[in-house]
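You will see two complexes here that share subunit A, one where it goes with subunit B and one where it goes with subunit C.
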Partner chain A sequence: MFKNLQLCILALFTVLIGCDAGDLTSQGGPVAMKRLTPEQYKNAVEDLFGATIDVSGRFEPDSRRSGLNAIGTSLVAVTPSGFEQYEAMARSVAAQVTSPEHRHDLLPCLPKSATAPDDACTETIVRSFGQQLLRRPLGDDEIRVRVEAASLAAVIHSDFYIGLELALSSLLVAPDFLFRIEVAEPAPLPGRPSRLRLSDLSLAVRLSYFLWNRGPDEALLAAAVHGKLKSQESLAREVDRLLTSEHLAGGVRAFFEDLFLFDEFNDLGKDVTRYPLYNNRMAADAREQTLRFVVNHLVTQRADYRELFTSRQLPITRSLGPLYGVPVYSAEGWEDMVLPANHPRAGLLSQASFAMLHSHPGRSSPTLRGVFLREALLCQVVPEAPADVDFSLFVQDADSIHKTARDRLEVHANEASCRTCHTLTDPIGLGLEVFDGIGKYRTHENGALIDTRSHLDGRSFADPVELGQAFAESPLIGPCLVENLYRYAVGREHTNGERALLRYLETRFTETGYRLPDLMREIALSEGFRTASPPKEVAFEADAKEEET
Partner chain B sequence: MRLLILAIGLIPLLWACGDESATMAPTAEVISAAEEADVRGFVFNYWAYEIPREDPGECPDGFNVTEEEYLSDEYAAVSDEVKRRYESGDREGALSLLPPDACKDPLVRPDPGHLTLDGPATVAGIDLDGKHSTLATGGQCAHNDFIGPNGEQGIDNQHWRLMGCVSGYRPNGLFDRLFNTNSSILENGYATLLELKLIEGTRERGRVSARLFTSAGPVSKDANGKVVRDMSQLVHADPTYHSAVFEGEIKDGIFTAGPVDAKLRFKVQAIDNHYWFRDLRIRAEMLEDGSMKGVLAGYWDIDNFFDFITEVYIGPIHLGRAAANNIGYMCAGVYHALPLMADGHPDPETGKCTSLSTVIRFEAVPAFVIQPDQVAQASR
Partner chain C sequence: MSTRKIQPRIGRRRFLRGTLGGAAVAVGLPFLNLFLNANGNAVAATGAPLPRRFGTWFFGCGMNPQRWNPTTVGSDWELTPELLPIENVRDRMNILSGFSVLMNGEANQVHRTGVFGTLCGGAPKKATEVEGPSLDVLISDEIGTKTRFRSLEMAATGNSRHSNSLRDVSSVNPAEPSPLALYTRVFGSGFADPNAAEFTPDPRLLLRKSALSIVKEDRLRLERELGYSDRARLEQYFTSLRQLEHQLELQLQKPPPLQACSVPEPPNQGPIDTEIEHVMSNHALMAQTLALALACDQTRVFNMLFSDRASSLRMPGSADTHHTLTHEEPRDPVLGYQPQATYFVLKSMEAWAHFVETLDAIPEGDGTLLDNCLVMAHSETSEANTHSVVGLPFMIAGKAGGRMRTGLHISGIGESTSRVGLTMQQLMGLNIGRWGTDQNETDRTITEILA
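Entry: the complex of A and B
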């Protein structure tokens, strides 16, 4: 078991074997051990025990790599203090599940006596819960040790449920629960003798987390156990079933939450002396607004991805009304509205979430906004700012001669070391300057009229609405989404050998009218998604030397 | 001079004022325009009685006394026992020792008199009756008008004449300070909403229809404790607190509208009541930032007025007398002075006026006024 794990982990560091065969024969990259995100952990508990079980505690922080936490999950471990937190959460969940309040509803069997061991019942529970938590059937040994431990604890405490709590806790801290451990197996094809594919269980798990952001359900697990995912037709049936599930919305939501860096909302703060309208509720609603907008557009309406940048539809709450300057009729909760044609906002880029998140605490930032849009939506790399930037030039001061952000940023035109990057980022960000640091519309800054006229890669625009249109029509927007979604799906950077696959997916995305569910289907059924590259030999040598020392 | 003496001489002199003809039904055109029009909403973020600061007027006989001062001997005779009973928790027993409470029943004792502000003062407001009224000219509901800060003639504000010599109403007095905290709006009370719909012309110069409402509940505040602009404000579900549609005009940056009758809910601390204004008019300056600032002036029903100042409760505890003692008047005195100071809406049978001209200063910021039926349609 552990050797397998080592193989999986070390495979991350391998040099990838490319495959230039194009679309359906592209070979995937290395398999990985991916730590559950907090959301995935909570989903797992909710799926098994329902929403009444409270999951509270401090999770290990995610690690964003190459723009995605989904990639970082395969590059993180569990620290000792992090494990203490997992253990505390596990004990809490197990205690709730076995409590008198919940045990009758949640446990598949009840003991003959509450004050004595009942190994048969414990085994039933461990087998049932274990399969769902560990996303695979448990081996007899895995069950036996837990039943024995539970039995011993029940005798010591004269309480069946204390023993069961111990067994459940052990499942919730098991590496196989906290990590999605991918395993590859040989699956040679004519002309491709070294071909590796994900095991059926690993493929099922990768599928369900990609499409649902939660573990496989019983049907998918059963299909994997019975080897049905090896067949392209059976696999397609499962993929289609997952794509029509209500959980698809959660999967799409998780992807965009990751892509849009929305975990940064957890630490977002604003200077309320500058933005007295801002509060935590507003920030939470702004984040939720964008996610609802995206999911509704792409999943519910199955609409064209590019229209995200021009759509005037908007879910809104009472707290967001003042930011957008529109009436909100519902006293509580969300309502759908269509912004009037003369409204200065349309599409994703003009939503408050982006303006809030990509600003400084006390002022907007065309540069931060430009960096985010270039990197996340156009897949372009913007280098970090040099360490010796003189930020005193950019201090927002009503008495300054630099009244607007445009004035201040023009200072860069004279700084050769800044010019290249800011030429890339600022023109986009300046188009959004009518949205202040919390996303409220404004026409002036420090008394000076804000000029939003600018350009995106040679295309001129006058305002945020036209900027959205320029994004929608950018030739980069579709390919970038394909690349990001694929990287998210497999949880790693794409390999050189997968470039042909990406080109194929881009074509299919275009042909299917930029429908996200169709793209997800293409990815889920692609060779790259379900295969793996072999580990590099040198990694084992390095490991062996390390063990010797 | 005690008001009672003055009033006896005035009664025969009363003449028409605050006449019923001032309340005009909106035309079909106004109602029609109100249904489909360029709409602007406002939420009041400031509300206070007009208390003139530069020239509030003189009170040559001093300010009104409280019941504790007026009946000092009676209070002194029982004070030790009252205190003992209070401290032992026998609140009802303590109260039973005090003189009969005229704030519960103003007829339990003779009129102690009430000092009014009879001289000149410079008071903001509106000439509600269209006349430059003086006591000397007599007639029904005769009264002396004030002069406005800009020399306007005929300002009607008998409310100030009634309460201008109450210490708590004077500039920087208790009532003044309470209103300046704006707590009635900011501390989980209600706010007044105004909705304007353009009938003809432009937003800068045109005719509008207008309606006043009470909000459904507390307004949202920002981190500085100010009312949030551009927020959607729900209208109170009870149509009692919806005025009829009335007509107004925007010209040269000034909005004028009315008259209209309106009941506007008010809640602050121990007061939970409503104002009943008749023939209410608005005059406000439209500011560059989209807000407005001005006065509401109308006739406050005197029964509602007395009810307003005496129906003060914390839980089951009636605090009308405590409020009077804190602010500086006696309920019985005010009760008897009210009909004498009233200058509007004469009773058709008795000829006695039934309302008191009153001026409210207000400020309002842009808001979206949401009707209850719109909420129901949007809910899902």
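Entry: the complex of A and C
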């Protein structure tokens, strides 16, 4: 109670004096140890060695928590099978980098002799690559042990590069490469003697992963090492530099891939008898289409987030043409299209990726689509179906009597035990029923006309285009994006102590016209982004307790 | 209890020299002919007994209790319609019916409570979390540490997330998603044929070991910075690292010859998806590769997943999956069950019978590979329509190296599935008298099946 009162006062105070987010106190959340995602691993290799080095191997699946893999990264460890894969990838990368084909381009020095150790050169390489991979300067001991091992191996095998390969492999399997280990340090304030903040290096790493989905570059690491991230001014300079980098697109893309559950495309399968058009290329293009659309709109055009739901712009390939029923002129690659005003699609919700992903292998599912949109875009929780539903209700000759999904779902809406959840999910999904299980437009199901008229939280709509409009105007989508982006940025659930900060960020998002890069800047410079509490003692117990208070 | 040798502290420099300088180690051991001892159950050359193995075999969405459960107990149990496909191998296994996950006041988490209640010994408490370890991990800690792989997980559904094996919530062992992936992991690089005349260890093995030992140097420094749960995760990382070190050590030595081992050709796999015939054929290929992996003693623990929790199996051209059918298909008024959903139950039983036959087809010692295995087939529901975890289906195959009797039907109505888990652990030689949590805690072995 007292805490809530404090929060209210704090929130009021903030509004009254109009301070920026940097002044907003936050009790922060625990620092964590986060396993790199497959994308982040590949980015790290690419940043250091360029795109010519092939990273092939199987990564352990990510683990989604509270809707985000970015939060699950703080939970996952490395299984024996996962470690085998990491070690194999490390050897493969090290072998490529030291190969005759690449060594001249990629190594910062070459040995005096290729058949003997050269400790000075090895040390240079380990120091430079190590700092990039481990995202911090290496200690002397860490360098020495690798130089010694490389030297010995070079003697035994009469080959400098075999020794170097060993040293590089040991960096690529190191736990502090595979995990980002955040460190908090005391930063006492008057009245808050136990306050903790991320160390400068941990802050640099969190910043670059948030904005770029990759590790810090040399300039950012140097800024951290030289204490340049301590003052708000120089921190803002670094954040602005990151925000203008070409890597921002990759960062934004990674966030939406996570939010949209796009890793599920890896395991997507469709019944090819029912959907003869479907193939892997089409699914990959549908996924890419949405990401291109989002990045182009939010980053390249710096446009209003809400317009994602109404925009008629659409990047498209020839493989997607049949789904959208439009001619695509380029045989290869992407074409920018603007859908005509009378086209039945507009905006994110009517794109094939969403329809495909949130369907069964052999049919569409208004319920699955509704659950996804409620949870990911409106931040509402849809309860799980009860375990002991009386399914005798559904004694029906499915498709021949109940021809459309609307007919079939009607049963749920009339039954009390089903109604609570299905009235949350189905009305939205019914609006998208003209898109079949792979996202192809249709007007009929089993010969019956599909009726897309429905409603979103009291607002009625007639078709997918109007549904998009309703989303764009929903008071929930802005705050929900803020919440998701913040949770993604810090890689954990937000805490009660951060509610005021979230309200502030929502206000700023509105004031700045729903521009995503501006919101990212606000978050990156906010106190909550840097403030930390000690690591959790018991995984994910703290959240539950917090909710109870 | 094992004794630990006290070794003198070895400096880093010396250690590296030891591992790197040992390239000539263990090369060229003479080929040892294989003889069985007089009892026919041990390798005479080394005196080592044949390995005993444990595995799980999972099928999703259960069965129809009234058509699956045998009505008579003991050895002459009468075949039921849904057990018909296992007729030829019924004497190779025991049927356990009636055992349930006792809810202990927790909510039934659909498609989770049944399987994790069985494998972890208690109804899971949180909606999204499961507390491990699962049964197979407990057993692999005991018997899986000497082989190249602690355990092998595979999913015939082609999805590496389809795995029920976990040490804890942070370490779910991913499944090999295709026959070829399984084959490559086991018989690809790093595999040494135990029966080959020649043995030349890869000189690079020592380099690999050395790279890993460098990493271990950082452990204490890293641990200091971590909280309790992150330390546990880091510990899991190092456990995995040590498992690989162990693999590399094994590869430096000539493996002892194994009569039952032969090296298969790479599988010729078709499409990988959840269409039933594709799953059947991928399952068969995986079973074959797994059987030889066991015969070649590459692992002693495995988890074979035929279909996932909330089975996504489907028929070509159908709008429904096995799971959605269990909920949406009307019960046939004449037959009294859901015919389309039940089709997948029968296919699951067919696949299980094939799995058992595959292990049984490999001669080992004076019997077959299956005789030295203990395989627990199970599901997450009995009747999937209501997500029931009452009376879950179990089929326990193999003889566990002569420790288990087979051919019986045991009815355990009202009893916890922990009794099954406890018995599995005891059959695998774990020194454990009591297992499970809260209502599911038990000290009651299913003695009827002990030999």
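Here is the rule we use: the second predicted complex is superposed on the first by the 496 of 549 C-alpha atoms of A that agree within 3 Å, B and C clash if a C-alpha of one lies under 4 Å from a C-alpha of the other, contacts with A are read in each partner's own complex, and residues count from 1 in each chain.
Going forward, contacts are C-beta pairs under 8 Å (C-beta built on N, C-alpha and C of every residue); 3 or more make two chains touch, one makes a residue touch a chain.
These numbers were taken from a predicted model, which means no experiment stands behind them.
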| item | value |
| --- | --- |
| Contacts of A:363 with subunit B and subunit C, given as first, second, both or neither | second |
| Contacts of A:335 with subunit B and subunit C, given as first, second, both or neither | first |
| Comparing the two partners subunit B and subunit C, which touches a greater set of residues in subunit A | C |
| Partner chain in contact with A:166 - subunit B first, subunit C second, else both or neither | second |
| Touched partner set for A:32, first subunit B, second subunit C, both or neither | second |
| Which of subunit B and subunit C A:56 touches, first, second, both or neither | neither |
| Which superposed partner A:145 touches (first subunit B, second subunit C, both, neither) | second |
| Subunit B and subunit C contact sites that coincide on subunit A, given as residue numbers | 272-273 |
| Complex contacts: residues of subunit C adjacent to subunit A | 12-13, 16-17, 20-21, 23, 107-110, 127-129, 149-151, 153, 158-161, 167, 169-174, 181, 185, 203, 207-208, 210-212, 214-215, 217-218, 222, 225-230, 232-234, 236-241, 243-244, 247, 273-275, 312, 314, 316-321, 324, 327-331, 385-387 |
| Residue numbers on subunit A that touch subunit C, as the complex places them | 30, 32-33, 58, 60-61, 63, 65, 75-84, 87, 90-91, 141-142, 145-146, 148-149, 152-153, 156-157, 162, 165-167, 169-170, 173-176, 178-179, 181, 183, 267, 269, 271-274, 360-363, 384-385, 387-389, 391-392, 394-399, 534-540 |
| List of subunit B residues in touch with subunit A within their complex | 216, 220, 222-224, 226, 228-232, 234, 368, 370, 374-375, 377-380 |
| In the complex, subunit A residues that touch subunit B | 272-273, 275-279, 318-319, 321-322, 325-331, 333, 335 |
